[in-house]
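Chain naming follows the written order as A, B, C and D, and within any one chain the residues start at number 1.
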Amino acid sequence: MSPWDVEAVRAEFPILERTVHGKPVVYLDSTASAQKPRVVIETLRKVYTDYYANVHRGIYTFAELSTEAYEGAREKVARFIHAPEAAEVVFTRNATEALNLVAYTWGEANIGAGDRIVVTEMEHHSNLVPWQQLAQRKGAELAFVPVTEGGELDLDALRSLLADGKAKVVAFTLMSNVLGTITPAAEIVRLAHEAGATTVLDGAQAVPHLPVDVQALDADFLAFSGHKMGSPGVGVLWGRRALLEAMPPFLYGGDMILHVEKYHSEWNEIPHKFEAGTPPIAETIALGAAVDFLTGLGMEAVHQHEQELVAYAMKRLLEVEGLHILGPSAEKRGGVVAFWMDAAHPHDIAALLDEEGVCVRAGHHCAEPLHARYGVPATARASFYVYNRPQDIDALVAALQRVNALLRR
Amino acid sequence: MPSDLYREELLDHYRDPQNYGVLPEADIDVRLNNATCGDTIHLTARLDDEGRIAKVMFEGQGCVVSMASASMLTEEVVGKRREEVLAMGLPDIETMLGGIRLSMGRVKCATLALRALQQGLKETEEA
Amino acid sequence: MSPWDVEAVRAEFPILERTVHGKPVVYLDSTASAQKPRVVIETLRKVYTDYYANVHRGIYTFAELSTEAYEGAREKVARFIHAPEAAEVVFTRNATEALNLVAYTWGEANIGAGDRIVVTEMEHHSNLVPWQQLAQRKGAELAFVPVTEGGELDLDALRSLLADGKAKVVAFTLMSNVLGTITPAAEIVRLAHEAGATTVLDGAQAVPHLPVDVQALDADFLAFSGHKMGSPGVGVLWGRRALLEAMPPFLYGGDMILHVEKYHSEWNEIPHKFEAGTPPIAETIALGAAVDFLTGLGMEAVHQHEQELVAYAMKRLLEVEGLHILGPSAEKRGGVVAFWMDAAHPHDIAALLDEEGVCVRAGHHCAEPLHARYGVPATARASFYVYNRPQDIDALVAALQRVNALLRR
Amino acid sequence: MPSDLYREELLDHYRDPQNYGVLPEADIDVRLNNATCGDTIHLTARLDDEGRIAKVMFEGQGCVVSMASASMLTEEVVGKRREEVLAMGLPDIETMLGGIRLSMGRVKCATLALRALQQGLKETEEA
């Protein structure tokens, strides 16, 4: 593999040429949403100027071209996550909707009173609240796999939660959007399956940043979001054919039906059964372009690039006085570092960094229970993607030193 | 590069807040927080016989914007009638902070203390 | 008002310069999805190259710009439909999801066994199947306002359905996507309200084509889709504040929460309570641009332009032997004409028209019960938007003559 | 402009379909429709002693593609064994129609008759 040419990658992202408050922008918030490569922006323009029309059922050339490109994106996404077939890929609004789809349809049908729903303390609200509410509706038990002080999942605790056979589902993230922790997904799936539980994998952080293979993981469901991998806003749910086929539909309307009478309807095949109404067509085609772009870089190489950055970042951040990092050591995580500072509230960190052109997020990052676990209400978070480079981390650290200088009492 | 939000005046209020603490025998006693960022405030206040604000104190944790505007508010509202305080809004806070324009992300921080005081005033009314 | 300059409007739509099978494209399928003006395409590029970031909670400049533009689009949409306040505008995946949101949340909470749900025979599946399935779940009665032979709603029948006070909701379209019929919405809302029923207006066809004023209509809910008005794929649900506030949330996850604990969550204010997860940000900002574009043209003028086209179309179409038009006379409809021909199946019509560059849709247009009402399994449909002109109709008619010549047995 | 789909050969089959009607004493009797476009077919067939297709007839309504391919199929499959017919798919239909490539929107039309026949063959097997 040729060495990573970050400048060549950066050249594909026009927004990186911008300045903020007169400083070159240093974008360190890809975990919230990634910037878009030229090819994605250009794909949108091309669809809208060359052949846009509504998909499916259309018999004229534009409709056929749009349908082929839209379904072509499904094939690309399926290959990207190593799904056995494209029909198992359902497009949704975002990862959140994908997870809700599972909780509302599979969950409603398969979770009953007394059943146990297992999640983890590091879940994003989107993979927690749907299960919490399902548990409340059904009188089911919601149980949490604890996070260790060092930011890892306590697998012994998981084993205990699985031991009595009451657990029906284990919903967990492949990578924490706060700690950066990459979870031992294959192991968790194996334990869950041995106990007869279905697995729901939140891939919102993993899929954009690591090689993910649903067959190697032996997963049942996987949810993720295009906007975190350089695409416009499109969500993805992958599920095993047998599970998807057995599930009732979620949203009702155009496209998801086979046949409608006044008092009776029949549902279309998967994946269409779960795609009601007109989808975001050009956006999904552009997701296909983003997938091609990432495949071109190689997901192994993407991951390695980010590991190098995060290792460098953790080393350099510890130079900043009174700065504390949440989560495990660099080799156990993806390109995310959440931290807090003795001298400054995360809001002030983010605001003062912005004055230097450095974009980081501040808050609980939709993971309040995890922050409660560590007793910090909020953190600042820097995250890295294909276009980041060591200089970005140097700019971050220099800006943090300025925060200390200004706010230390 | 001197920033609008982090001018010395605000930083002074942040580093050394006015009326920091808890007022004994308060008429108003409100705890409020900003779930998104974890800012918290405990605001206590006393009214005079005519229902005007006599004294306000606060304790809390938060960013420069929320702490400095709490500190400034405890001075700003003394002597005001309840209706006057209830009528206050974001523009008044922006003026109080020195005529800056707050971005959406900071509005909740800047108004935390005001919302706590207003909530307290409404509670005394209802009681 | 200055006369409609259709060539100036056309110049804003780059796709209209394309050819299909060597013929200039004649796009007559805007009812399925509209083409995008340059300003919309350009807005997407601008957001992604100038200031893209995730919205809400972000404290750096890009996040603030994105949030302001995103919330600005909400203001524009609110003004466009004359909503009293922007907080009543909820962004969804599409109109279908907006209608499902109402059925799942308001419907689940307010419809019980024995209640009557009133829809009409001309509904799109998206405003029928959610109610049909809700009725089945709840043991409620689903009742249909019949469509007359001439393609209008039978208001006397509606009055009967409302008379016994059992009707809890009247869900109806402002304009049929097949017949083109513009329904007497203010009248229907008045009748429904007198009977104590809530109204759900499907504005998917009306909002892009007519002035719609939710306050003048006294409506309770209104759903529509950006993609039918020149925007990317974004749906809109408008609802009265009191109704939205009383409704439980729909999808759970990031952004829609105020506060999350392990076993308990509190919901955010409207509209955020209904917008879980990362929305399509650039797309929604581009919806704002589409709204500005339409406002610039003037919705009264848009409607008048389309009425002129449809009147011309209906006159010219009757020159085609063996062609039958569904629905009312031109002055009662928007720019939609569905028809069938003695000599040709709608599929063949669409395919043969495509050879002449003319794009029309063939099928049941997601309105199977309506087609059943008229005893035709499928129709061909031509529809008009701001960029269409009389020449397009001439091209349509010429192509239809060719169909007759080729297929008449 | 002569179009691939609307070549004279296909149009002949459409205007004057082969084996149109209902076969009495049929081994296979299947009705199928294409919900999206309303195409319908009623297909009847008889098998010979060795289980080969002896005769196929159809009635129905639909577009040129569905009717012409039904008509051509009734000739194409005569003499074929059940496994051969069950193994047929879209490429075979495309070849049968003269080597055209069907767009997604027409695949269901073109394969309607084949699907009906295959369904019938499976039903006779199960019975």
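Everything that follows uses one rule, which is that a residue touches a chain if its C-beta (ideal position, glycine included) is under 8 Å from a C-beta of that chain, and two chains touch if they have at least 3 such contacts.
The model shown is predicted, which means the values in this text are computed figures rather than measured ones.
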* Could you put a whole-Å number on the gap between the CA centroids of chain A and chain D? => 46
* Hey, how far is the Cα centre of chain B from the one of chain D, in Å? -> 79
* **Intercentroid distance (Cα basis), chain B paired with chain A, Å** => 38
* chain C, residues touching no fewer than two other chains -> 21, 57-59, 63, 259, 347, 351, 362-363, 368
* Multi-chain contact sites of chain B, meaning residues that touch two or more partners -> 35-36, 105-106
* Asked: If each chain is a node and each touching pair an edge, is that a line, ring, star, complete or other?
  -> other
* Structure fact -> Which chains touch? The pairs are A-B, A-C, A-D, B-C, C-D
* Asked: Okay, in this complex, where on chain C does chain B touch?
  -> 57-59, 63-64, 67-68, 71, 258-259, 266
* Which residues of chain B touch chain C in their complex? -> 35-36, 103-106
* Which of the residues in chain C come into contact with chain A in the complex? -> 14-15, 18, 20-21, 25, 27, 29, 32-33, 35-36, 40-41, 44-45, 48-54, 57-63, 92-97, 99-100, 103, 121, 124-130, 132-133, 142, 144, 225, 227, 232-235, 251-255, 257, 259-265, 276-283, 347, 350-351, 353-354, 358-363, 366, 368-369, 372
* To do: Using the touch definition up top, name the residues of chain D that touch chain C in the complex.
  => 1, 3, 5-6, 11, 14-15, 35-40, 61-66, 105-106, 109
* Which chain C residues qualify as touching chain D in the complex? -> 21, 345-348, 351-352, 355, 362-364, 368, 371, 376-378, 406-407, 409
